[in-house]
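Chain IDs A, B and C follow the sequence of writing; residue 1 opens each chain.
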Amino acid sequence: MSGADPRPGAAQAVPVLELRGLTKRFGGLAAVNDVSFAIREGGISGLIGPNGAGKTTIFNLITGVYKVSAGSILFKGSPITDLEPYRIADLGVTRTFQNIRLFKNLSARDNVLTACHMSARYGLAEAILRLPRYRREEKALAVKADGLLEIMGLADRADLTANNLPYGLQRRLEITRALALDPTLLLLDEPAAGMNPDETEQLMLLISDIRKRFGLSVLVIEHHMDLIMGVCEHIHVLNFGCSLADGDPAVVAGDPKVVEAYLGQEDER
Amino acid sequence: MAQFLQQLVNGISIGSIYALMAVGYSLVYSIMNFSNFAHGSVIMLGAYFGYFCLTLLGLPFGLAFFLAACGTALVAVVIERLAYKPLRDRKAPFLYFIITAMGMSIFIDNGVIATIGPTPKIFPLARLPEFIRGGTIKLGVVEVGRVDVAMFVITVICLVALIFFIDYTRVGKAIQATAYNMKASALMGINTSFIIILVFAIGGALAGVAGVLYGIKYQVYPQMSGITMKSFIAAVFGGLGSLPGALLGSLLLALIETFVSGYLSTQLRDIFSFLILIAMLVIRPSGIMGKSMEDKA
Amino acid sequence: MEYIQGIIILIGINLIAVLGLSILTGFTGLFSFGHGGFMAIGAYVCAIFVARLHQPFALAILAGALSAGLVSVVIGRLTLKLKGDYFCIATMGFGEAVRIILNNVNYVGGARGWESLPKLTTVWLTLALDLVFVVVTWNIINSRQGRNMVAAREEELAAQMAGIDVFKSKMIALVISAVFAGVAGALMAQYMQFLRPTMFNMTKSTDLTIMVIFGGLGSISGSILGTILLVSLPELFRDFAQWRLVFYGLAVIVIMVGRPQGLMGGLELTPSGIRRAVAARSARRELAAADKAEAAE
């Protein structure tokens, strides 16, 4: 997506997510400084940059965890800046976390079932009295949750407490839980952290598969360059809270500024 | 005018005893981030220690005072080792600390009722030195009880010593560092386990002093820990975990209370304190002097 | 026989309050030390309806429950945004404020108490209501609203990312628990036949929370077991009246330190609950075996 698209029709296509001059200051420090980029509907985009570049902060801003200091965030063309986090999730933007945040003491199934709640409409009184709508919708939720677990290869571990799942499956469960919301945009925060090359490879396939199957857009933060280069169609690079580069993976990887930012970081270590 | 000054003096006197108790809550909170509800029971034990040293053992007042403080310091440390350390070791959520502290309080209070009995004890006036015995001193237009003067002076001495210790000694600085960030302090070579014991010992010793003074002014009885709730409110009011906050909160709360009961009604006083507590929590939960909390970041 | 009936009624009344608190504390993860306050509101409103306004008991119970629920909405609006520790303290302040205010309302007897209320609470009424409330609690927990509460307890941020309005879930849990406490209070008033504000002090609030924890957080059967044990044991040991609270305090400490998951550890005593526990255990074992095999290779 480097350069302006010459066709007038394509230019009008509304991006699924657009950041405009997004800025977040903690005290005097700008963790994110005037960042702008857009994500095409149905694509897989990557957000990369050295440690402390502000990637997770951007996720926190998009999902409403942090209040925006300046700039705006548009989801399918309408602003979601400073909405309550759960409202943003309601609209179809959800995420996973760098340090996995599952409902640890619940079974894998209940983790997914909980996130399915928006597919049901029954009220508390209907639940207390076990009215027909409650029974019908609960049955549908269970079918949906089991279906997702099946697709994600977690069906045989559905009764295990999330805590007791192996690390890789915990990451997978977190993605499954996010999918239960039927999101339009899925934000993945370092999904391959702590995985070996084999598992990373599998994850790459999984992400592509999910995207196709559920027709959603994905924005992924990652350090594994092979994962980024392998699945992303578009990359945005951050350094010290500022945009450094934006475009095709191949173009970005060749950008001297990007190489320098990463090498500079290696030196610090 | 005379009445106003009289209320002011009364308020300061009560405020000083609140402060002595509130500091114990705040110290522990600053390090461990939980409200140690067993502190009130330790204060109560201090009063009993002082009383028995004086009556049963017939020790001189100064020594009884000292032993009471040592005794409560020891009790506070034992409570920490037996009840809180296992919780710390398994990184239990703070609520388990609070519940354990409440259980400890129930245990100690009722233990005293079961062994010593529920009847209040009164410090024998004859065994007290003159400066703390009954009677009043006239200061211009106001009259001050000797007990109140002694309470104020002893409190000031203790608190000045505490502030000096925390601000100007190496160990004191280590306590501040641990309060600021326990993990980092441990990495910097501070023996945080020792610091925790020390903090409980200091809080306990001050509890002993407060217990004896309070017992002399009023009575010694098993449910004394109920009264110490006020000092806890004072600590919250000033900002849990902040020493200057605890002092300021105590003084303000005591002044508000004496003026409310002096000018409005005694019944309203307690309602007022709890309403202040709730209002404070709603408007500014970190209290007057507390660090304001940065969420999630 | 009447003695046994009395114990059953006491268990039954407490159970209703504990079930509500189980939703709030066990499933939503909010700790309250002020539910005695909601019980008090239920009790006094019910007594006013029965003894002063001469209304039927059913209406009086309803009025007590609704009053408690309404007050909880206000309290929730003010305090639910507070971080854990401060929410606890605020509820405590609320409970004490209710008690102290009641102390000063002469219309309902003030601090001296309100005597010779009619006895309307019977064993059968209590047991019937218990059955209703157990079913209601069970149905709430096994609904999407109930799962949202548990999500808020487990991981607040992730719950929000799953589109859950955490504040609303907490509010629902608080109101339900207050309504339950209100019903329990109403039954208590018309069983004891007298009311005194101290019946609903902080110790009462703490007792309720302790029953929930004793049975195991996040388990309805645990809450039932905890209530039965903790209400009946002290009653059976009435001869050791002065020691029972000592052991009670000790039991709380031992549970907190030794078995923090409580009796049931979050599991339910139902066929499917037991099946799930067994399945989870065998799956864990298989996993461990697989890991070992992998390590051996």
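Please note the rule applied: contacts are C-beta pairs under 8 Å (C-beta built on N, C-alpha and C of every residue); 3 or more make two chains touch, one makes a residue touch a chain.
Because the structure is a prediction, the values reported are computed rather than measured.
Central chain by Cα centroid: C, whose mean Cα position is closest to the mean of all protein Cα atoms.
Among the other chains, the CA centroid farthest from that of chain C is the one of A.
Note on chain placement: the centre of chain A and the centre of chain C lie 39 Å apart, centres being C-alpha means.
Distance from the chain B centre to the chain C centre is 31 Å, each centre being the mean of its Cα atoms. In whole angstrom, the spacing between the mean C-alpha positions of chain A and chain B is 50. Chain contacts: chain A has residues 65 touching two or more partner chains. Those residues of chain B in touch with two or more other chains are numbered 296.
Multi-chain contact residues of chain C (touching two or more other chains): 157.
Within the complex formed with chain C, the residues of chain A that make contact are 63-65, 84-86, 89-90, 94-95, 97, 101-107, 110, 113-118, 120, 122, 124, 127-130, 134, 138, 141, 157, 159-161, 164, 166, 177-178, 180-181. If you check the complex, the residues on chain C that touch chain A are 136, 139-140, 142-148, 150-151, 154-155, 157-166, 172, 218, 266, 276, 279-280, 283-284, 287. Within the complex, the chain B residues that touch chain C are 33-35, 82-83, 86-87, 90, 92-96, 98-100, 102-111, 113-114, 229, 233, 236, 240, 267-268, 270-271, 274-275, 277-278, 281-282, 285, 293, 295-296.
Every residue of chain C that touches chain B in the complex is listed here, in rising order: 31, 78-79, 82-86, 88-90, 93-94, 96-97, 100-101, 103-104, 157, 202-203, 206, 209-210, 213, 242-243, 245-246, 248-253, 256-257, 260.
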